[in-house]
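In the two complexes below, chain A is the common chain; its partner is chain B in one and chain C in the other.
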Partner chain A sequence: MNNIIEHYRGEHAATKDRLPGAGLDWLDTSRDAALTIFGEKGFPARGMEDWKYTNVRPIEKRPFRLARETASDAAIDTRLCGDMACHRIVFVDGRYSRHLSEPGNPSAPITVKDLHTALLEDADTLEAHLGKIADVSRNGFSALNMALMNDGACISIADNAVPERPIHLMFLSSGKEEITSQTRILVMAGAGSQATIIESYHSATGNVYFNNITTEIRVAADASVEHYKLQHESNKAFHIATLHVEQARDSTFTSFSVSMGAQLARNDINIWMNDEGANCDLYGLYMADGRQHTDFHTRIDHASPHCNSREIYKGILDGHARAVFNGQVHIHPDAQKSAAEQTNNNLLLSRNAEVDTKPQLEIHADDVTASHGATIGQLDDNMIFYLRSRGLDYHTAHALLVYGFAHDIVEKMTIEPLRHHLQATLAGRIPGLDRPHELASGG
Partner chain B sequence: MSADNQEVRELAQKEYEHGFVTDIQADTLPPGLDEDVIRAISAKKNEPQWMLEWRLDAYEKWLKMTPPQWPHLRIQPIDYQAISYYSAPRQGDGPKSLDEVDPKLLETYNKLGIPLEEQKMLAGVTDMAVDAVFDSVSVKTTFTRQLEEAGVIFCSISEAMHKHPALVQQYLGTVVPKTDNYYAALNCAVFTDGSFVYIPKGTRCPMELSTYFRINAQNTGQFERTLIIADEGSHVSYLEGCTAPIRDENQLHAAVVELVAMENAEIKYSTVQNWYPGDETGKGGIYNFVTKRAECRGDHSRVSWTQVETGSSITWKYPSCVLKGDNSVGEFYSVALSSLAQQADTGTKMIHLGRNTSSTIVSKGISAMKGQNAYRGLVQVNKNAENARNYTQCDSLLLGDTCGAHTFPYMEVKNPTARVEHEATTSRIGEDQLFYCRQRGISEEDAVSMIVNGFCKEVFRELPMEFAVEAQKLLSVSLEGAVG
Partner chain C sequence: MLEIKDLHVSVDGKEILKGLNLSVDAGQVHAIMGPNGAGKSTLSYVLSGREGYHVTDGSVTYKGRDLLAMETDERACEGIFLAFQYPVEIPGVNSSYFLKAAVNARRRYRGEPEMNAMEFMKLTKEKMQVVEMKQELLARSVNEGFSGGEKKRNEIFQMAVLEPELTILDETDSGLDIDALRIVAGGVNALRNEQRSMIVVTHYQRLLDYIRPDHVHVLADGIIVKSGDEKLALELEEKGYSWLEKSA
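And then the complex of A and B:
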């Protein structure tokens, strides 16, 4: 453990002059403080309740390094989702790639900048917002991200602005060496604005790397933000991501989180509903196979009255995979008239897969309705029988039902190209399924 | 609203109904805990050498352990040296009949509404045997002969140690090991008494067995140990009920209950717990830190836990089932009420090991005033537990805006043939429900009591009749006026 702390201290010392915002006093102070916290905490241990089922020792064993220069020739098709019109910002190995990005001239009322540029041009704004929602002392990963954050994006949407196109942040791994990227994303949605933000993670090869991402989203009053996260990392990668959202009065936040890659993927989603009338919907889909380990920890804080939250997470486990789901809903004292719903369904397709789920409610107000449900099981024999009695063979019937199980989440996505992309990905991952939609519509 | 608050205040100030201290001389060890105290307890109970060694071993292990920090509870640190670990009512050579029992003791039971004389007279009607536990020593065992005829052993555990040492040695500590947790280890070291039940092969216990616990002497922690063994094809229903007098200092109760069900055996264990909950600031009141576990060792065995927890200032209790035998069944039905400043962290563990095992969990939590109620449960399906089935339902009812209800269900599934379902809801009594009742001339209090009883019905119907009545009464008394 001490070795790895020393290693990251060394990384900090070696790169600190070139990290974004180097020379800004407030940022240097924050980074140093975070490094001290990381030194004290190290990586989370299994003994901690939040990490009970997830072992991060493999990350600790490898001395990952920050990419020193921007790779320019990543052999990755950046045309995810076909020709979706969007503001696309591309990062390779955690560093902003100017020539792969197609920002599409975002002009006021929206600005999309990489972290280096943002810290040069809007240092004062960032001082007021960066790291203000995310708690740096939450765990070793949060601290490490603050100390070493080497790139990322800063998105700001003016009051009442409604950008026509989604903003797509694309993170590619070239898979050259054991690289870590410490990414920070900051989104500020002004009052009454509407925005769609996509984060996606891809890899060119099946190499080992470590992505540690912290995303902060501030949703101002009456604003509406849709956040999509697609995680298609290499099957050997480590992916640790934390999303912090703070919602103001009458704001709406919708999150879609799809986790398919990585040998170890951990997603923390924290929603803080700060004022009355806030509304949030969280949808998640995780698929794991082989020896993959996927972990979702969500926490919704109803800190004010009259807020609603809805959460649906679905998981499909095959091979020796293991999935962890922990969904917390906290209803604070005096947060009356809160409504919270949570569902977690898991499909176990193999003898060696495992699911550990823990839906958790903590309620300190009385005039509320809160419910959660969780199921773990396999496909219903009656459903398979129904399809077989209509002439489908067992494998097709099975595949179609698995597809349908996952599609519940996909069909809720509002961006059509993204939906098609995921439908195709699903069809590719479920054996025995070529054109599920034709099958489903009786073709 | 203000009228209701008035009622709440009145209720909070109402003296605990069962709060009285029986003034009889007790044979008590001075406070403190060390090896000598354990030797003294063992000597007083005339225990065999292996038992003393077992206790000392547990004590040594306990010293190295720390109290669990994970419960959703605020516990004042406990000074284990300030507790007296042995207290026996002075009885001379022990009574040979009811007439010889200390009349004050009998009076205590009278106040509780379960007089031994009546028990004796009503024997034919209620069919109940009471192994009355007054503080730490079993005072009176009734109906022994009837049970003897059936071959059932029902006695205090210290008596069993002398009369049936082989059975005790064979089973004691096999379900809850000495190092299971901090409080269980403490219990192993210092337990003073408890009940022992053995139901022989193919026997259906002719009556419901019942132990009434009562904490009496001041500053005496009560460390009960219960061991129930149901041999092949047997059946037993066991009732446990508790009340305690008013106290200023927190009293520690760390009991251990072990159940063993062999092939085709069935054990039904019911508890009504109504210990002193402390005052509205949480002062006084019992610390109820109990380890209860059942092992379904044989195929087709069945264990059912039913509990109604209305008392204690802090409850920390997870009656569990280890489903080892194929086709074994575990059940857990619970009503937990936390009012005043009570805190409860309770639930169950269902460990599925055998094939075709099934478990049902129904937990109803009611929080009122400043009460904090947490359900914490684990459903674990292991690799070889083919076709395991679990259904969990945990509902919480909130009365008042300063109480809290929490749910921490853990589900760990390692077998794809398992079907595990969990459902939880939290709500308060609907204004429309209350309005409906009041519109029909039912007073608000009666309406609340009716709705709460309806909420708990699924659990109450699992209780034996006598207990169901007591439980309903307890609940309405505890909740009077607690709605706003």
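And then the complex of A and C:
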């Protein structure tokens, strides 16, 4: 434990002059403070309630290093979703790659900048907003991210702007061993704006690396933000991601979080609904096989009256995989007329797979509607028999039903190329599924 | 076509079929009637190869082969089709995708070329008209949110598309109003010819006004207690089943 803290102190000392925003007093101070917090907390211990089922010791055992230079290539096709038109910013081993990015001239109402550039050009704005929603002392990962954040993106959408194209932040791992990326993303969606942000994580090889990501999204009044996060890391990678969202009056936030890769993936999603009329929909799909471990912790704070939240998380577990879902919903004392709905369904394809699911509703107002439901089950024999009685062989029937389980999440994605991408990904993970794009309803 | 001899079937250790004999020739329609719990659905399931139905004695020969040795999907590819008493809802699985997969599974089995999307569309359009089914149902998940009547029509629609040699209709008439019943029967009759056989399981005589059987059997407590022609169905309608159970 102490060794690993020393190791990251060393990383900080060795890179601090070149980290984004180096020399900005406020930021240097924040990084130093965060490093102190990390020194005190270290990585979360298993005894902590939030980390009861997720053991991060393996991350602690390896001295991951920040990439010292930017790789020029990652041997990955950056056209994740065919030729989907988007503003694409690419990072390799956690560092912005000008060479691979296709920002596509975002014009005045929106700006998309890598963290270095943003801290050079808009230091005042970042001082006002960076780290204001995320709590650095939340745990060791949050602190480490603040201390070492070595790149990322800053997206700002002007009031009432409606960018035509999604903004895609693409994170590639080149295959270099033992790299850590401490990625920071800040999104500010102005009043009345509408934007789609995609974060995706990919690896060229099956190597070991550690991504620690903090994303902050501020959704101003009447704005609407759709956030997609696609986690396709290497099966040996460690992926720790925390999303913090703050919503103003009458705003809408939609999250899709797909977790497929990594040996250990932990997603924390924290939504703070700060003013009346806010609405959030969180959708998640996780798939794990072999010895993969995936963990979703969501927390929604209904801090004002008349807000709605809805969560649907679905998991497909095979092999010796393990999944954790923990869904906290806090309805604050004045938050009358809140409506909260939460569902977590898990499909176990192997008797060795395991799921721990726990809803946690804390309701401190009386005039609210809140519901939750969690299921853990296997494929339905009736359904298998029905499909086979029409001539489908067992494997095809099985594959169709596994796909069918995930389908309602796929279907809710509003961006067609992303839907197709997810269908193709599912087909890749479910042997026996032909022509997945034909599975869409209406097609 | 189908030869069932002294069939004994147990479910969860309880004997349901207790020595059933039935012989169905090509082109024939056999009606099986009987009280609730007699074992009609059990017979349907055992012919389609459902798990959990244990044959403890007897034999079933289909087209000269041992049917009981075949997997469910192989039976389907060999031309057996069961119209379910309770069609299963399958969330997230597109109806059209599913049915095309079924059509092509059969074609592959027979060494025929697979049907492409255009051919399949043409086929389904034609067959949907036969059962007066709404085109939009094909775009939805299999049976999901279908009304009771729509589910039964969907069974007959699938049958029409798959053109089975041996069809088993398990109480397809239950829950249908008279118009729907006529449409469903029309779909079934359209398929009748000298090569195809059918087993029509029903609780009520009414269906047999529309699908006229060559033979009628009464199944009670796991065995066929009486066989006859159409007139037997009318007699049952009049007298109920109790007189037979007593004599059996």
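Methods note: the second predicted complex is superposed on the first by the 435 of 443 C-alpha atoms of A that agree within 3 Å, B and C clash if a C-alpha of one lies under 4 Å from a C-alpha of the other, contacts with A are read in each partner's own complex, and residues count from 1 in each chain.
Methods note: a residue touches a chain if its C-beta (ideal position, glycine included) is under 8 Å from a C-beta of that chain, and two chains touch if they have at least 3 such contacts.
Computed from a predicted model, the values in this text were never measured in an experiment.
Asks: Which of the two partners, first being chain B and second being chain C, lies in contact with A:354: first, second, both, or neither?
Replies: first
Asks: Have a look at where A:392 lands relative to chain B and chain C in the superposition and call it first, second, both or neither.
Replies: Touch status of A:392: second partner only.
Asks: Have a look at where A:17 lands relative to chain B and chain C in the superposition and call it first, second, both or neither.
Replies: After superposing on A, A:17 lies clear of both chain B and chain C.
Asks: Which partner does A:362 reach: the first (chain B), the second (chain C), both, or neither?
Replies: After superposing on A, A:362 lies in contact with chain B but is clear of chain C.
Asks: Does chain B (first) or chain C (second) touch A:124, or do both, or does neither?
Replies: A:124 contacts neither chain B nor chain C.
Asks: Please indicate which partner A:25 is in contact with in the superposed arrangement: first for chain B, second for chain C, both, or neither.
Replies: A:25 contacts neither chain B nor chain C.
Asks: Is A:374 in contact with chain B, with chain C, with both, or with neither (first, second, both, neither)?
Replies: So A:374 only meets chain B here.
Asks: Once the two structures are superposed, pull the chain A residues common to the chain B and chain C interfaces.
Replies: In the superposed arrangement, which is not itself an observed complex, chain A uses no residue for both chain B and chain C.
Asks: List the residues on chain B that touch chain A in their complex, please.
Replies: 70, 72, 383, 396, 398-428
Asks: For the complex, give me every residue of chain A touching chain B.
Replies: 49, 333-334, 336, 346, 348-351, 353-378
Asks: Given the complex with chain C, which residues does chain A contribute to the contact?
Replies: 380-383, 385-394, 396-397, 400-401, 403-408, 434-435, 438-443
Asks: Note which residues of chain C are touching chain A in the complex, please.
Replies: Going by the criterion above, the answer is residues 48-51, 71-73, 75-77, 81-82, 84, 87-88, 90-94, 96-102, 105-106, 109, 117, 139-142, 158, 162.
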